[in-house]
Every structure is written in structure tokens, then in C-alpha cells.
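Labels A, B, C and D are assigned to the chains in the order they are written; within every chain, residues are numbered from 1.
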Amino acid sequence: MAGYTSVTAEDLAHMLEVIGAGSIEELFDVIPAGVRLGREIDLPAGEPEQAVYAELRRLAARNVSAEDEITFLGAGMYDHYVPSIIDMLMSRSEFLTPYTPYQPEVSQGGLQVMFEYQTAISELTGLPVSNASVYEGPSAVGAAAYLAKLANQRRRVLVSRGVHPHSRATLATLAIGYGTAIDEISLDDGVTDLAALHAALADDVSAIVIQQPNFLGAIEDVQALAAAAHEHGALVICSADPLTLGVLEAPGNQGVDVCVGEGQTLGNRLDFGGPSFGFFAATQKHIRAMPGRIAGETTDADGRRGFVLTLQTREQHIRREKATSNICTSQALNALGGVVYLSWLGRQGIVELGELMLQRTHYARETLDALDGVCKLHDRPVVREFGLRLDVGDRAAVTRVLDRCAQAGINAGFALGHEYEEYADGLLVAITELRSRADIDRLAEVLGAAVAAEQSASTVSGAAA
Amino acid sequence: MAGYTSVTAEDLAHMLEVIGAGSIEELFDVIPAGVRLGREIDLPAGEPEQAVYAELRRLAARNVSAEDEITFLGAGMYDHYVPSIIDMLMSRSEFLTPYTPYQPEVSQGGLQVMFEYQTAISELTGLPVSNASVYEGPSAVGAAAYLAKLANQRRRVLVSRGVHPHSRATLATLAIGYGTAIDEISLDDGVTDLAALHAALADDVSAIVIQQPNFLGAIEDVQALAAAAHEHGALVICSADPLTLGVLEAPGNQGVDVCVGEGQTLGNRLDFGGPSFGFFAATQKHIRAMPGRIAGETTDADGRRGFVLTLQTREQHIRREKATSNICTSQALNALGGVVYLSWLGRQGIVELGELMLQRTHYARETLDALDGVCKLHDRPVVREFGLRLDVGDRAAVTRVLDRCAQAGINAGFALGHEYEEYADGLLVAITELRSRADIDRLAEVLGAAVAAEQSASTVSGAAA
Amino acid sequence: MSPAPETQTPQQRERATTIFEKGAPGRRAFRAPPLDVPPVDGLVPSALRRAVPPRLPEASEPEIVRHYVNLSKRNFDLDSGFYPLGSCTMKHNPRLHERVAALPGHARLHPLQDPRRAQGALELMFNLQEALAEIAGLPHVSLQPSAGSHGELAGVLLTRAYHADRGEERTKVLTPDSAHGTNPATVTMAGYEVVKVKLDAAGGVDLDDLRAKTDESVACLMLTNPSTLGIFDPNVEEMARIVHGVGATLYYDGANLNAVMGYSRPGDMGFDIVHFNLHKTFTQPHGGGGPGAGPIAVSDRIEPYLPRPQVVRKAAWAPTGERGSSDEAANGRLVGGPPTFDLDDDRPKSIGKLRGFQGNYGVFVRTYAYIRSLGAEGLKDVSEVAVLNANYVLARLKAEVGDMLPLAFGERCMHEFVLSGAPMKKQLGIRTLDLAKRLLDHGMHPPTVYFPLVVEEALLVEPTETETRETLDAFVDAIAAIVQEAAEDPEIARNAPYGTPVRRLDEAGAAKRPRVRQVLTPAAPDGAG
Amino acid sequence: MSPAPETQTPQQRERATTIFEKGAPGRRAFRAPPLDVPPVDGLVPSALRRAVPPRLPEASEPEIVRHYVNLSKRNFDLDSGFYPLGSCTMKHNPRLHERVAALPGHARLHPLQDPRRAQGALELMFNLQEALAEIAGLPHVSLQPSAGSHGELAGVLLTRAYHADRGEERTKVLTPDSAHGTNPATVTMAGYEVVKVKLDAAGGVDLDDLRAKTDESVACLMLTNPSTLGIFDPNVEEMARIVHGVGATLYYDGANLNAVMGYSRPGDMGFDIVHFNLHKTFTQPHGGGGPGAGPIAVSDRIEPYLPRPQVVRKAAWAPTGERGSSDEAANGRLVGGPPTFDLDDDRPKSIGKLRGFQGNYGVFVRTYAYIRSLGAEGLKDVSEVAVLNANYVLARLKAEVGDMLPLAFGERCMHEFVLSGAPMKKQLGIRTLDLAKRLLDHGMHPPTVYFPLVVEEALLVEPTETETRETLDAFVDAIAAIVQEAAEDPEIARNAPYGTPVRRLDEAGAAKRPRVRQVLTPAAPDGAG
């Protein structure tokens, strides 16, 4: 008996007798000799709780987290404040430990949470149908393009380079499976090039994919892009940051057919990238082509209001190879965090928070743009993130600048060169409600110094060369 | 509307109308002008959750906790591992947020926990009656002496100097109230001086108070001390460390009439001294003189087994000035932690843990005793704590030694000089399951160096003088 | 009228079993760290060694978790429903407080850590002392008492020390009939005689009776204001004059402070000593009966006697390491600058210690977070809404069931009020107890019943400020429905509750033959089996 | 036979209301930090600015907490009772895992943090890759997939990339009739045609049918072993020969890995690709339907195509700051020594990315803690006890109700087994569904019902290893009692459950007129009211 089992010697004797077996090993006799391990698993022995806790603390201490530095790193996940009621609710056994609500009579809690979550996502996106969550943001983009394929059987998708690089990469990977070709639409001064989109559009285009705000932080003119796509009968897929939708127009009101996105900013932790959740919303006409779980309202035998998983004929456990998606286990617990967060933030709060991000981001952008050797990457309106160019040379130089900032306890942001050759000197800076004006001023101080140091260092070595 | 209230303008108008008042202020008209504050409270304005969290984090960071150093500090509270199931259970709303179980139909959870807790304490102490908790250790000693007074109306109590200084101080403070005189019994080579006790005992002695293990870590011969007291009809009160009772004889089997103690070591956090809980157990004959809540087993209208608060005629809310104690709110949540911890530790675990402490403590004591300038304070058997003498001179010198250790990331223990003039050069060192042999060896290294440094420093200055 | 067997809930079906009745010999959750030192035999002489290991439960972690999770589900709690338990101030418990209290820098800080290395904790305690002093209107605070009644005991012992220091021997303490039971109980424990003071027609203290009973033998008057009747006593100034006139102290039971913050302070009312119930006014979760904390605030003349140690701020620290070593070197590891706060144990006139260490620090962290969150404006809002909510419920109940459940005294109330169930008992044949039990079927916790003792069939209702109007309305509707239901069939209430895990328990039987622990089966000395 | 109105539970009395139906205009929980920069107007052009603010709930924190706490109480959960949901491995979720996952160093680590400053996370992932490789018996691991079906998709796409790289075009994937629905669904999404393979009389794959359907057009055979019938297919070696014979890959659906750890590894069985369900075998809490994680392990020939990035260990780091600056200076702030782990994105033949960042790290932390807690011995114990418990329940059910609920195939089982309710339906007139619903009144979650599809009125029972013998006995007794009860009065089961908050919901109606969101009342553009 080790770990969490509880079979005593007495139990074992009794159970084997009832089974009619001489030993536990006997129960494994069906496994042919040829496929047996024939030795013990080669892993260290188990340890007591206190030792495992100590080991995981040691590993945690080797990471520089948002608690250890002032961070302006974003690029898809953001360091927002997670209110304490979320930890409390997500850690309640009743939410944490059940599985998919197959038995609605004892799952009304989870089912109603899904229904409320769907309502919140529909309201945010301006689209009438939301599912109960998908894995996360980038794979949601891939799932949306699959829905487009099922909807119009076309096999080409146009993707703006303003879409998160991970979303584009994931889409490309999944599209190979369902046989859809991907073409990219370039950017023009920070936003999707409308002319380039017009040029690329044709009647074989299944869908266009855009992001709001886009990866460079710029607000896209979704309306215009959507209109262009619709001219050719292509669906419009928009990946949106839900936390900006208090101040940005609802995609559903701008002609978007399918709105997906990363839900981490809604009360979920950074967790080094997951688990969080992806949301998936669409127009009414796609309701029977949606992937994943959907909760619906109904009544019980006594006429009480209740909720169930509905439209299950879309799903793999019923339709198997004809299902609209293979997704099964999704992100229910994280979606709970999302709807609790939105309830906590509330109708006024989501506007106030958006406004605060707008103002501080504007302040940060202007302040940094004023530094020597630093300038804006584009001049488009932004909400909580923006691009800069550092006049220090190549990508390695930018990394050295970031290292200097890190030593001063500042994480200055994301080096765009990792994902865009054209922005080898680019830096992406994110501002949340946790970054005060004082933090921003400190960033300016540290970044300015780091850029200056890098510049002089390189001229020195330049001279030396 | 600020903080956690929810009265909207509409609510307010409606409510005032129903009440028939013109304003909220009007509801306070009964307060005479002469006693009104007449200004706003002089405190800073309220802050959002994220700011309060940041402030409390700042304060936490100014403390050197057991997470930040290797600590051998004990002297009444100990750094044991608190298993994660305890946080989880103590933070469940159903245990965290109700009050005293006045309505048993909806309080069976709390009441049964009390019943299980009482069972565990009775079993540990070897005494048939336990209450559901008192505040903490030292005040429990004061409460026990009050029970003795109620029991035999005598007005003198003998206290061993081996009893925790805080317990002795608290007893003295409370005894003034109920008019009991306190005399101390000295120690002889680390344990209560039996001869001195015999000499001090007389038929006016209400009770003797001893501690197991005593403040210097030594195991007392409770049986002998109890026998002496009983010869004079005095009650025997023993303050015990419950976590040592897996290896030490149950006080109830040694003639102790009332066993109390500090419960922190049973799954409660250090919390800079509280909240934890005190336990209080006694022989059957004192059941109706016990302080505090007691849960009892009974049946409900349908014959189901159930639990209620019982023997309430002892308590202040029924008996008022005739109550056996004034205690009302106690430490129910902490006692829950205690019984969960004991269940987790289990019948084998409490012996194994005690054995581990015995062995490591012995190893530590011998290892440190071997250092130059360091020797044992006494040679008595110990369980998890022991006294040392540092050959460095006065109490300030010991403090300097501890400072040197602190700089090396080691908290070497408690300077006995704070509480015992006779041990101005004394150091009390505690060992728990969290202090490995490697930690102990590191302590030896650091302490040895610190003592040597202090010795040479003082000879230098001595020479200089 | 108990539910039909086949329609019972799982909780009603299942017999309660304790953790001692679960598990099996040999099962375990804990696994000991390996012995990493050379083992030595006989470290404990066999005479002192325990012969029979304690018969603690033997269960796996999953069994333990499931057992206690299921027990928790047999509790009603504030996070689940309305809990208008009068005198207890069952207000919302913010989870932020649990989060910050759990930060290792607070939760794993040893109480005897050198003050120079516990500056965060001492700063927090110092700031809290200052805040509580301002809220009480009294300059000096001790955070040490563990709960309200502990604070009361401190207060009466302070009074004794104060008089003793002036060579006075006093023997009596006055408490009004409406006083909470802890007041008289405290007086007895502190060695004084309790003298009861009558109430006047308005529910306040009868001034004539007070005057008649106040003389040089009186040490103190203990008062709750607003009282446990929810009434603010308008004569408090006169009472102070009377009591101070004979040199006695005036003690303020702060359990009802939630009613007056921002409007009036005990100090302004003339009190010498006040206790706070941090678990009431300042929302420490009640934990099923604690933990709490009962700090006290006192006037200048009482200050010398306060318990030790006190948290103090000092200009600078004398480095222990003379010989000009750096602060760092001299003071050991420091965090966040040089130390400025200390524990002062050197208080010659102090009554001494009321408990170990410095008090329930974990409670202080929560209280401090609460005061920082609300601020001055928020604390005033607390009292305003608490009083508004109470008066709203009172007004609606008057309109709905005023004839059956009349208000005991006066017209309005402060943060709570007392109804009498006497007419309901007479006319409908159901007692306040029956009403309370039937409320359980409506998913609400009943108000305090049969307290204060001065009101027949008393129902003491304290909604608190964190409840919504909708909840208050639902409560009133439930009471009205129960009274209505009783008019048609009183048996329903008399046999209530129905939906709870157990129904009406035999308390008399429990007290007659007390079974206060599980009787465990004897075990072999080796502890096996 | 629904409970009489007056004896209903509070949950049954109260109508379900959503958070959108609670609160009131103007209520709030969030308070924004003050604006600390000079405000600027029109930062968002009005054309892009949202006209009508989203109609999110307006509620106070106490309302929100109470709402969701009460919702939670309308769930059945694993911490409260037996949950033998076949194929889902509902084993105990240790709370230690939640504690360590919440450490800020893990929970607040940004996924794009420079690898040199995320060494703890990368070390953990690297160690986990190694451990999973050993457990699978396959050398290379990618942690990226978000769940089992995501892992399946990765596996089939890897197969496609593998064949494409060798210039082969294949069109079919084989799945047995007992396969989980995600298998065929995955095949379709990956652009292949599903070819079903029959089962033989013993419930295993029919080798003749497999041979008949296996040719050069087949890309892969997806197999679950033990199968969803709880049967270990003894012909797995022969199947591998057949499938490999035509150059196809063999995919192992790892959902049932809990049955064989320490006895046999997919790699030993000849599989090329395996997915793990960390939320099953490795006890990530199921969260009401996720999160989970579905890492994959593969053989050497598949390795080049694994998703990017991969976590790798390297000898040393080239400091980014040349010019001989110190490691520290060169690499920025470092914790715990020089970096040795990195993310490798440079994988030319990779299928690319399946999702953002590096996968569900929070799940990895829990899994790693679990593997460290159990160790090799513990993992073997897991499978042994899982199989022991399943066979014990099976044996007892055979004895008690074998005639009504016979085992679908064979005599014994691995970690789970499938009964058929067909005889019970025929002879007692209650369906497997009715049995399941009645179990709810016994406080237990029913097994998986109506899956696998190959068994009529299927009941798929998976007790898991963390349940006690007492719990298993209680389950058997409950089933027996229900069958017994039905023999006397089938109506009781047909109308069950009774004690639950709601009873038998109208699923057909829900699907006919789907109401998948709350319809909110229109709001004024200014968002007020």
C-alpha cells in the first residue's frame, strides 16, 4: 500500500477470496509474456508530502515570476489581478472534482455555470451562440476554420499577419489535417492591409482570420475587413481579447461570424501558458456546427427550471466520425473562473478597467517613445499593448537590452524578433491594471539606460572591429 | 456604497420609504449630540483589492518566516509540516463561516467534528472528558487552576519553573482575579525538584501545575509529582505537548486530573502566535465544572444519530454569573485543524513521528554538545527540544551569536536569558520532522563558527579594555 | 410528517459515522520522512514511554477528505445563506483576507522571531492599534485578548489593578439585565460580585436603579451600547457621570460596535475601557465558534496597567553588536530597511499576560486588510447600512406580522432588534423555537432565540450591512409564510424542520447521560490491530 | 412520488436563478485603481468604440460568492462520494497538487518568460518528459496536447507527416467498434476515412477482419488496450505485426493506462504513438469537464515530426552578452545557478504547433508532484489495486445480481468492466438509465451508461484504486437493493431520483428549442439602468 490506496492485508485476503484469485499478479495473467515490462519501472521511489512540497518549491524558486519582477510581458497572456473569490470558488471540491455533467440531476451547478458563461461570452462578443469552452486561444482559431470548412466546403483561408504567431502556426498545423490552404495577409502600418486582403480574396476563400486588438496591439477596423470578406462569401473569424470588449465594439456588431479567443485574461492565472480556456461564439446559423459542450435551459419532471448538455448530436460520443469536432474534455473549471471574473468585474467595471488600460497604455507609449533610441512601431490606436523599435541593431542586441532590464528587476516585454524578421528590433510592451504610473516611469528609466548602454557598447566594439 | 454593501439609490429610496424615514442620518437621531463624533473617522480612504493585497505582501516580505530560513526556534510553538488537506478543509465555507452551532439540525458537521476532536483529545491525554477547545495553551493553564479552585475552594497553586513562562505569567494574571496565590517550584538538573515540591505542598494547596515535556525540553516524571500532590489532596494540572504523546505516557495514566495544552503543533500554522487552540481534558468527576463548549451524542426525532452542544448549564449564556467560565467564542476552526491533523497522522504516524523527533533531537543534542564553547544545559531525556549553554558570557553575547547565525540563514533557537536569569547563556533548540540531518549539521557548523567568533571578539575587546 | 423513506435525501438516508468508525487497521495517510540519523534505543526510559499508542483513526487520505467534506455539507454557513443571528454580526467574510493571512511571511512567522526580523508583523500590529484607537476614541490599545469575553476579563482586571494602585478595595460590578452572559460570568471570574441594574420602560438602563446601586464599593459598570435589544441608550452621558462620580470605571462591551462607527465612539460616550470583537465588527470568519480576537482600547489613566508586551515604535535600534559593525552585521538578517518597531515587555504596572505570545495575529492580518479596504468612509457606510437594513426588516415585519411578533421596545432600532413571540405562542400555538426550526426549511439560519432574557419568547434579528434588499425581503416573506402556515396548521412548524440531515434532537437526553466521546475498542499494547 | 411540498429540501424549494437575474443596477464588487496618468480623450475612434457596454451582472461580492457557492452545492463531486464513471478514472485528487500548483513561482510565471529565467519550469517539464517516456516505454515525449483527443489529433497528424515524408499517400485509419468516440472523430478531422474493425467473441479485435481491412491505404490503427470493455487484448503482438506489415502506425489511446502500469508498456506492446490522459491516470482534477492534458510519447521514427517547441537540456548557454561579461551580467537575473534547460523551436520536420505556448503547465506541475509522491512502486500499486478493486466489484455483482446485470464479455476484467442491463430491462422493466438515476438517491454517482455502444444497455464501471473496500461494498449493496426494490415496484426506479435538487430533465425539449443563453433586457446606450 503506497500513495493513496487503502488495501490492508485483511482487505486483500478477503477480496482475492471473493474474486477467486490466488494473487493480484494472477489478475494480470492475460498480458502475454512478450509484451510484459519484466522489471520495475525505472523511476525514483515515492516521497512524503513534505518532501514533494519542498521539491516543487525549489523548482518554483528557479522561475522569475510576475511576483518577482515588474513585468510588461504580454504577447497573448497578461498579468492581470486575479480576485481571491476565484481561487476560493475554483478550489471548491464541488467544482474542482466532478467530471463532465453527464448526470444533470447532480450537476446543476456545473451546468448552470456553463449557461451563465455562455451568456456572458455571447454578450461580450455580440454573438448569440457560445459553447462552454475550448482548449485555449490558438487552437480555437484552428477550430473556427474547421467550422468554416464544414459550413462552405471551401479550402482556402486568409490569415492576417496581425494574428498571434501561435494562432497562425496552430491553424497551419490543423489545416493540413482537414485540407485547407493558408495564405497570409500582410500588415500596413500596424494593421491588416485592406488592399492586400481585397487582392487576395476570391470565391474559393472559406474564411478570413483577424485578431482584435492584433498582435502588435493595434485596433483593427473589423467592420471594413469583414465587409470585404463577405463580398466573396467568406466567413469572418475574429480572435479577440475579451477584456478589451468593454471599450471596443462587439465583433458580432461588426460582421464577424465566428469570434474566438484566449480566456486567460478573464480571471485565469498565467500558469506558464496553461491551463486557461478558449472561447468560441458564432451566429445562430452555425449553432449545429459548433464544437464542444453546450449547456441549454429546460425543465424537470416537477416543472422546475434546470439545465442540461444539449445539441449533443454534434458531438463525438454520439456522432463519432460525423461529429463536428473531436473535443471531449475541455476547460470547464477555467471557464468557471472566467464567468466569476466577469461577474466580479461587472457591467461598470469592464468599462472602467478598459478605460484605465487605455489611459495608462497611452501614457506608457508616449513616455517610452520620447526616449533616445526608442520609437513607436506604429501609430495606430491601442488598448493595452503596443510595439516599439529599439535603435540597437539586431535581435541579439534587443535580448541584451532585455537582460539589462531584467537585472534591474524589470521585464520590459516581448522581443518581436522571435516571431517577425521584419521587426528584429521590435519590442512589445503590455500594460495592465497592476502596472502603475510609477512602474511605467521606472520602465522608462531602466529601458532608456539599457538602450544607451547597448548603443555605446556596440559603438565601442564597432570601433574595436 | 463602498466595500461589501449593496444598497443602490433605488434600494435606499424604497427602504427609507418603507421605514418612514427621510434619510439614513435620521435613524441615528437617538444618539445625543454630546456623544457624537462630529467629524469623519480619521483613517485613510479605502483601497481596491489589488492594492490591499500588495500592501499585505509588502508587510509579509518584511518578516523572516520559517520559509525564509532554517529555523530551530520553538519554545512553545513549532514549525511542523501542515498537510494540504487541512488548508482545504479549514477554508471550506461550511466550516469557515458559520458560528457556534446553536441550531443543531444545520450544524451536524461542526458538532460531529467537536465530538471527534473530543474523542481524539481524550485518547491522547488518557482522560475521559475533553471540551471542544479553549483559546490557547497558557490561558488554558489559568482556566485549569480556576477549575481546581471551584473543585476544592483552596487558594494556593504550586507551579513548576519548568512550565512555560507565558503560562506562568498568564496564570498569575488570572489568579489575581479569582484570588489564588501562586508559588513556584524550582528545577533540579532540568526537571521539577521533587523534594522542593514535597516541601512546598500542604493541605491548602489547590493544585500543582507541571508541563510535559517541560520548557527546557526535559521529560518530567509526572507519576511521581502527581503522587506527591495527591497526598495533600491537591489536583494535578499538566500542560502537555500533544504531539509528544505518541511516545510519552498519557498524563491520564500518570495521575493527572486536568491535562491542558497548546494545540498549534496539531496541524495549525505558526501565525506569529495565533490563532491556534488550547485543549482541556479532565477526569469524569469534573465534567460539570469544565469550561467551554462540549458536544454530546444523541438522537433525532426520527431516531437518527446526531450531536448537540451539551451540559450547557455550565455556560455563561445560561448560568451567567454562576457559570464555570466566561468563555464564549473559542477556537472551533483551529480544533478542526487539530482533529484532521490527528486523523491524517493516524495511529501509526503519531508514534513514527514521535520516534523521528526523538532520534533527530538526540542526534542534534549530541552533535551540538560536541562543539567548542557549547554544552548541554541538562542531561535529561528529551523529545524534540533541548537546552544548551553557550560559553560566550552574557545574554547580549548570546543575541550576537544568534545574529551571526541569522546572517547565515539559520535561526538557532530561543535565547533562554529572555525568561531565565539563571540561564543567561542558555539556548533552546527545537527539532521537527522538517529539520533534516543536513539542516542539523549546517546548524552545528554555523553555530560553532558564531560562538568562536563571539569568543575571539570578546577576548579582543577584553584585551583592549 | 418526516419525508417518505424512498424520497429521503442521501444525507437523511445515511447514518452518521465518525472518523474513528471509518478506516481499517493499518490504513494511513501520513508517510514519515526516512530516519536520516544513526538510530539509538531507549531514548525514553520505559517508565515514561507510552505503553499503548493512542488509538487514533487509521484511514487513507481519500477517506479522510471525503469524511470531512461530507461533514461540512451537514453545516449551514454564511456563504450559502442569510444568517441574521442577533448579537453576532454575521457579515460577509471577504476571501481576500484568507489569501493575505496565508502568505508565508505571515502564516509561517514564529511568534518568538527576533523583533528585528518580524518588522512587518509589528508594523501591522502597530498600525492596527492606531486604527482601533481612532475607531474607539480611546488612545491606547492592547491586541492581546483572544475574544470578546477575554477582553472583558482583561477590562475588569485592569479596573482591579487601577483601583488597587490607588489603594482602593472594591467588590461589586454593575451589569444591566440586558447584558450578555459573558459580562456577569466575567465579573465572577475576576472576583467581583455581580449587581444587576434594572431596565426602564424604554429598554434602557433605569437611572434611578443605577443611582441607588452605585457607591464606593462599585468598581465598574459594564454596558453594551447599543444594547442587546438594539437600542442606543440616550442616557449614556448621565450614566457616565453617575459611575465616574464614585470613581468606578465604565466598560464598553464592543459587540455592537457595528451600529455606530462614524457616528459615535465609546470614548466620546465616556467609557474608560472597550473591547472589540474583531470576528464581528471586523469580519473575521466565525469558524463554527472561533477563532476571534478581543482587543481592548483604554483611556490614559488605565494605560499603565495594559497587558505586556505592547507593540511600540522607536526612533532607532541600538545594534546588539557594538564594536561598530554595520547595522546588517549587527542586527542579523534585515528585510526592508532598519527596524523601527519593537515589543515592550518592560511595563512595571502591567496586569501581566492574558495568554501566550502577542495575540491572534492571523486575525489581526484580516482585520487590517478589512480596514484598509473600507477606509473611513467604508466603516461609516457599514454602520449606516447595518442600521438601515435592520430598520427595513423591522418595518416590514411590523406590517406583515406585527400582531404576532411585536417589537419588544420602542419604534425603531439600531443594527438589530428584538421581537417577542409571546402573542404568536398564545394565538397560534407555535413557539419562537418552532418558527426558528421552520425557517431552516426555507434555507435560512434563524435569528438568535430566547436572548436577551428580558424579553419573552425573544427573537433577536441582526441582518448586517452586507445583505441585499432582496435577501431581507425573502426573510420577511418566509416569516410571514410560516406564521400564515401556522394559522392553518401549527403542526407543520411544530415538527419542523424536514429537509435537514437530522430533525429535532434530544438535548435533554444528551445532558442526562452525557456521551462526550466515542468509546474506542481496547487495543493490544503493541498497538497493532 | 415527488417529495411532499412541505418536506422538500431548501434546494428543491428554490427556483434556479442565474447571476444575470440577481443583483441590481449600480451594484458592484470590483473597484478600479485610481487613474494615475493625465487623462486623454478619444483614444479609441468612436467608430471602433463600443456603443453599448456589455450587460454583465451587477452584483456585490457577497451576492456573487453566495450565488456560486450555492451553485456548487448543486453538484455531486468526487470528494463527496463514489464516482465509478467508467473510462474516466475518477481517482482521488490530492490537495498537495493544488498547493504546489498555486505557488507564485509556477502560477504567476509568464509563458514567454526568457527560458534562462524559467529554469524551474523547464526542469520540471524535462523531468516529466523523461518520466512519461519511461512509463510509456517510448523514448520521446511532447507535453503540448491539451487533452486526450488533442493528443489523438497530434498522433494522427504525426502519422500523416511520417508517411508524407516518405512520399506515401494513405487514406484510411482503422478503429475497433469498441473505440471511444474521440477516435473516429479525430480521424475525420485529420482528413482520413474511418474504417471500423469488428470485435471477436471475446471482445477483442477480430484478427481476420483486421487482416482483411489492412493494406497499403491504411495509415494507422488506433487501439485502446485494455479496451473500453476493460479487456486486455491478448493478440496485441499479432495486431502490431499485421499493421506494421503494411507500414502503418499503431496508435495507443492511453485513457486506460491506469490498468497496466508496472506490468506492460505501450512501447513494449509495439505501439508507435501513445497519448496520456494526465487528468485520468495522473489525477488532475476533472474540473467539471477539464482542464486536462494529453501528452504524447513516440518512437524514434516519429520523433522528427513532434510539435515544437520541445524542452531540451543543453550543456551550457552561450551568454547573449559576448564581450566576456559574467554569466549573471550576460544572462540577466539568474536564480539557482546557470541555466541548462531550453525550448527548442528549430525542428524543420515538425508538424508545427497544436496550441499556444508550451501546454497546460499547471497540469504538469500536479502530475509531476503525483509521480514524485508515488514513485515506481506507487505507480505499480495504482494499477494493481485498480484491477483488484474492479474484479472485486465484478465478482460481488455477479453473485448478487449476475442474472439481471451479466458481464458483457469474459470472466474477469482489468481496471473496469461492462455489464449489460438487457436482462434487467426485460425482466424487471427498468432500464440501465433508471438504475443510474436511482443510484443518485443512494449518494453515489452512476457508472458510465450506454457506452461502449457494442453492449446493449451498457453499464461501464471503473472503481479506481483510491476507493476503500467498504465503499465498493456499499456500491454493490446499493445496486442489489435497487434491483430488489425494482422487483417489487419498478415505478420507484422509473421515477428516480427524489432527493436531488431537480429530477429527470427534459433533454429532448432542450435540443428541439435550444436556449443556450439568457436573453438580457436591452439597455440604454449609456449603459445605465
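In this section, a contact is a pair of C-beta atoms (placed from the backbone, for glycine too) under 8 Å apart; a residue touches a chain by one contact, two chains touch by 3 or more.
Note that the structure is predicted; figures quoted are calculated from it, not measured.
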item	value
Selected pair, out of B-C, A-D or A-C, that shares over half of its residue contact pairs with B-D	A-C
Chain pair with the higher count of C-beta pairs in contact (A-C, A-D)	A-D
Centre distance in Å when chain B and chain C are each reduced to the mean of their C-alpha atoms	19
Rounded Å distance between chain C and chain D, as computed from the means of their C-alpha atoms	45
Touching two or more other chains - residue numbers and ranges from chain C	2, 12, 24, 26-28, 30, 32-33, 59-63, 65, 69, 73, 79-80, 92, 94-96, 98-99, 440, 466-469
Residue list for chain B, restricted to those that touch at least two other chains	1, 4-6, 11, 46, 49-51, 53, 83-85, 87-88, 91-93, 433
Residues of chain A that touch chain B when the two form their complex	49-50, 53, 81, 83-84, 88, 91-93, 433-434
For the chain C and chain D complex, residues of the former touching the latter	1-4, 6-14, 22, 24, 27, 60-63, 65-66, 69-70, 73, 79-81, 92, 94-95, 440-443, 466-470, 492, 498-499
Sites on chain A touched by chain C in the complex	1, 4-6, 8-11, 46, 48-51, 83-85, 87-88, 93
Partner chain A, residues of chain C touching it in the complex	23-28, 30-33, 59-63, 69, 94-96, 98-99
